[in-house]
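A quick write-up on the structure given underneath.
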């Protein structure tokens, strides 16, 4: 009897308190039963809002990519102000040690199905600053989806990166799987080797 | 009764129709279309394309749908630093309150289809509209974020600037008709002329007040991104932010409906007739179209103007627009005195 | 009639939530939320008054009191920095509260005014009120104008720093 | 006895209280549901340690946010609050019969006469922001 | 905020009763970080302390884009430094590299041929317009006028297109090299340049209507960020900021280089010293730059095409190179350029970029790499404005000032 | 003629009416562009810019022209161009191999400065006129000799049609169709 | 006129609310020493008074309306002055403590 | 046009006049005055630096264009040059004078000139972090560009070595 009571209690706990279970069921309901996965992927791919984080001079071409001639907004990508409302981060060139902290913080503060594009030679392997003592390779801090070579890349390249990202989101169903599993399925998480904000003294 | 009739009687039951059908569904549609229009029009003035690839044949119309869906399926981060309860509920209440004024605006002159038969519907509409900003301020405070709090306080200051102007200028219509009843107001307009012609100064003031109240350019100060990021909504993510973003537009829609009824003659070219279709649906569509045109004008201004500074907006409101509203009010009384309406 | 019962149900709910809101006003740690609760209290109060049949007062209350005065309090409080640590002296409070409760209770019960309420037979006539204001109480209203103007000057004089 | 759905009281309660309340509840539930649906797994949360901290323009959190934001436009607030009741009082008098509009005009005149010089003064005072610093 | 007790012996006794502590709110200033992830700042952080809406203290925290150019310049060959220094301000690439090349030429004691000078000046002016438009765009978006941003960037594309025609790259031209320039002007260039100039002049009129004379924008700019002449000289601000404050200084005028002593143009100087004046300086400068472009194009068209590089690097070139030049207008580089040794010496050179004067100090010890390169870029010198001009303004003025001084962090941080 | 400083003054306009006029001017300009936007937006994947032949795009090695002189690697400012040592049959001593140096490029670093192309004594390197290629992983960008000797895939060309921009007096830039076969 | 039962209950509910709020308001006013909290308590008290006024004056709806309107106007006037005083006190003493006023003899 | 002179658009005459003037004004303060390429170099002893700066400022050299420090590791000194010029005086604005001092490399301390030339304030901070030179009397001597742990390495001194990659790929 006692055991049964305990069991019932535990079960009750599971039922009420275990959010993971509820979440799983809800996800299954939405993505699995209601077949919303496609819609989520579609919506995410056409609503990639890059967060405003100009890390370096590639920002010029980033700005040009949203200028009338290249108009990034035609892809539904609207540069937005705060990280909480966006889902794409474009690393615009060099990430210095000081900036690495901002990159990490911004990336962390973006809500989940989120993507990253590294723009410019500096963001790949340092470009012309490959042996500088003050730069950090962004792929050591955050997982990057698309790399754009060039210094600076032409705005079309940015557009191409967005198109590429859109296609892979839709073809691989990244966003819906991400929502379903709560974690990005096809890319490992990146853990920075050292604390990039260690210099920050509040 | 057939099923259609039952359904119609439920759907067209005034509170449900005005709040759920017009208030929520139409507003959502209008917001989506107006946001699309805003982006497209701004893009046009700015010599670019605007949303396009999401549906090239529809000129990118579903863009906002995509944004909405994306927001819906984005993680809702509730930071550890915020005050959870208020953080979540305040924007919801603000959103619902911001469309609530629609509930007291009649869309037709037939009493059966008034949601609330009331002698002082103008006053009540104004009263309801004054409450919702409070929750925005609270949301900003609950966010526990420097930018949010500054944004919230700015919001509060902007309220002080526009609220009186809105009240005065919209009531100038009441002054001219000596009634707080929207029906009387619309009837008066149908008898003489629209109040936008009879009292353009009041309309201008009301227009500016609405612009301020919904932080449209050039008064987009509480959310002025260059200092306070997203104002009171800085910490909101996912659908909560989508709600917040929609709330300003919903409020603008509610106000536009009030303006359309008060100044643009309501259902004016149409005389509501018998039956739900002629008595309720068509007049309401006329009103909504008028409100929509107003909203398009509001949206267009975004591409021409930047934003004022907070103190300039306050000063401008008190030194230029408030006297304007007062004069408009005076004109209203004088019109009543002369018996023009 | 069901409408009446509905009304009673609504009003008892309103009363309950009013009491909760007013308790929250006193007890909330954060003064901004306390003021927010005051706004809610004001709105509920307006709703109750509207239930009593005085819609005009309700609208007036919401516009002037909730929309302006409480807004003003909220802004001032948040500008003054939210919640500084307060000192509470519950003894003082309990004593006075008990006294007030006793006194009010005795007055209300003994004088029988608890049964004084009669719902207005017809909605308040706006035209009558307006006529009263502009006809009979013209001077009074003018005086109120002047009084409000005086508070404005007073407030400016007090709140402003002498520079 | 069934409810009379066309009763003004029922209608106003429905449209001003119950439906809005239901809307609020619905939205709240929808949001809670979506929050549960879109929650990320724990391993991500452990890696992204800044996620749940306050947004501070790309910096780690610092200082207290709920602090004094004493804007110097307090004066405008004061004006607003002092003028608002007067305006509404004036507005309430609007529903006079047409015969009395002369008196209404007179009241309006009184209002203008009382408040114009005052407002001029008050706005002038409110613009001197250095006088309105809380400290 | 701190917890403390208001002084006085009477209160001391109160302290013993629990629950009577008083939290004293000191005149604590609200510390707000503007940046680095903030739409009101680019790649920098400005720590402002506000009292309500008034900024009491502003502390520019630069270095978010510090890419150690001076150090890298010390370990790389002279010619490799040109692309390196160019990355300071890529939308103004030619202007920031020309003074470096000038310094090298001073040490080498050579002078580029006239054609190279004109070509460089031509590209410099195209860059200047592009950079001014960039600044305009950023300024516009900073005070909330997104149309200004879009228009400026749309018209900037015209200039970029010209530069691309001339050099083969959109922004990072790496155009000047010691002793000359890397490419000659293509055939269809003059016509396009003249068209662009006429187009630009008309557009400036429209800018005036929608931005500079727009009452809303004017209200935001007028009297904001006022820098009197004395203060401007004291702070050593440069470029449009200085010229808007009435300082008659322009490196093109005070120390002419390249073709600037042969073309006819004006240095607009305003006295007002506020954000509006700074915007107007840019407009006037764009007009003058258009004049220079037209003159340079005329000159280049009327003179025969020859390799725009000093004979030292061209005289002994193989025939293939001449063929390449004739066919594509491309100047081949000598392989020895890579490891070119430069005689010992120190040189100091200045040039006027769009944002102001840039100075280079190059010290050579006769090696193939410089011993020391010191760069002081205009934005680095203008950064001091944040500290001395911003306090006392309202929070909403900060972006106005930031935008109007056209601060570009990668340039400032080097 | 040398430059000269000229003192200018802001156009001074004051008053309510001027403000009104300014507003009207701004709004009417906005309406003008709303009606005729004069836009020249590139609708990207459907159209792509055909760059001038002189454009400094991706770099390709013509192996047979290369004389293995290492000049390109020496001048490369980003150390993107490196020489690799590859054994190769020695033509003079059959049966033996000799080590030859070949340039390879690393697009993780290349800044497209074109120095290598300009310095190559035999024009063994040339630019292809396209630039908009992106990669999904880093390793793909470090090219080996074989990849370096042929032009990179250009997916855009198969998706859209080429356009060209020409400078125009009225509209700034005008988008025109690039002729097929036109270089 | 016969009083409907519902009316009486409504009135009693109003009284209950009013008394409860008055008690709470007085409690808050007396027990807190923070000026702001005292202001809020007074506002609660005011809400109680308003309900009472409306109920008590209900035999004459016009008068009730007029009185309530006047009351609300005056209270919002009062709020400015009180907040102004709080700001002044705060500026003077850097606290919201009411005892500071007693000490300084304000 | 004489080669090599074109860059100083002003005549040699003018430079000479300025040199004379500087010599006269500064008198015995200067160690030497020379004409360099693009600037006039004035060497002063460290202990008279402030005096010389004040005199230069009074002459009309109202701002500093560049604070250049060079690390001569072999000599064991830092050479600190204040490249000053003028805005308000048009003649002087064509000329750049460099006020040069040498300080000990192992004990880098010198008086700050930021109260004389405000424009040098940020550059002194920069030099402080890159070279570790301590400016006495500077109002706000903090690192400007670098994060603290890198600033400790004093990256612009010749002790801090950055390597280029070889041109061969292994």
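Remarks
Note that the chains take the letters A, B, C, D, E, F, G and H in the order they are written out, and that residue 1 is the start of every chain.
Just so we're on the same page, a residue touches a chain if its C-beta (ideal position, glycine included) is under 8 Å from a C-beta of that chain, and two chains touch if they have at least 3 such contacts.
Treat the numbers as computed from the prediction; the structure is a model and nothing was measured.
Between chain A and chain F, the least number of touching-chain steps is 1.
Between the interfaces E-F and D-E, more contacting C-beta pairs are found at E-F. If each chain is reduced to the centroid of its CA atoms, chain A and chain E end up 32 Å from each other. Per-chain CA centroids place chain E at a distance of 22 Å from chain H.
Chain A and chain G have centres, each the mean of its CA atoms, that are 53 Å apart. Mean C-alpha position of chain D lies 21 Å from that of chain G. Residue positions 53, 67-69, 71, 74-75, 81-84, 98, 102, 105-106, 109, 111-112, 128, 130-134, 151, 154, 179 of chain A each touch two or more of the other chains.
The residues of chain D that reach two or more other chains are 37-40, 51, 53, 55-59, 61-63, 66-71, 73-74, 77-86, 88-89, 92, 94-97, 104, 126, 129, 133-135, listed in rising order.
Multi-chain contact residues of chain H, defined as those touching 2 or more other chains: 146-147, 155, 160, 162-165.
Interface residues of chain F facing chain H in the complex, by the touch rule stated above, are 70, 73-74, 76, 79, 81-85, 101, 104. Across the interface of their complex, chain C is touched by residues 83, 86, 118-120, 123-124, 126-128, 130-131, 133-135, 137-138, 141-142, 149, 152-153, 156-157, 159-160, 163, 167, 180 of chain B. Contact residues on chain F toward chain A in their complex (touch as defined above): 39-45, 48-49, 77-80, 106-113, 131-138, 141, 156, 165, 173.
Those residues of chain E whose C-beta lies close enough to touch chain B in the complex are 30, 32, 34, 38-40, 53, 140-148, 150-151, 154, 210, 214, 216-217, 219-220, 394-399. Residue ranges of chain B in contact with chain F, taken from their complex: 41, 44-49, 52-53, 300-301, 303-305.
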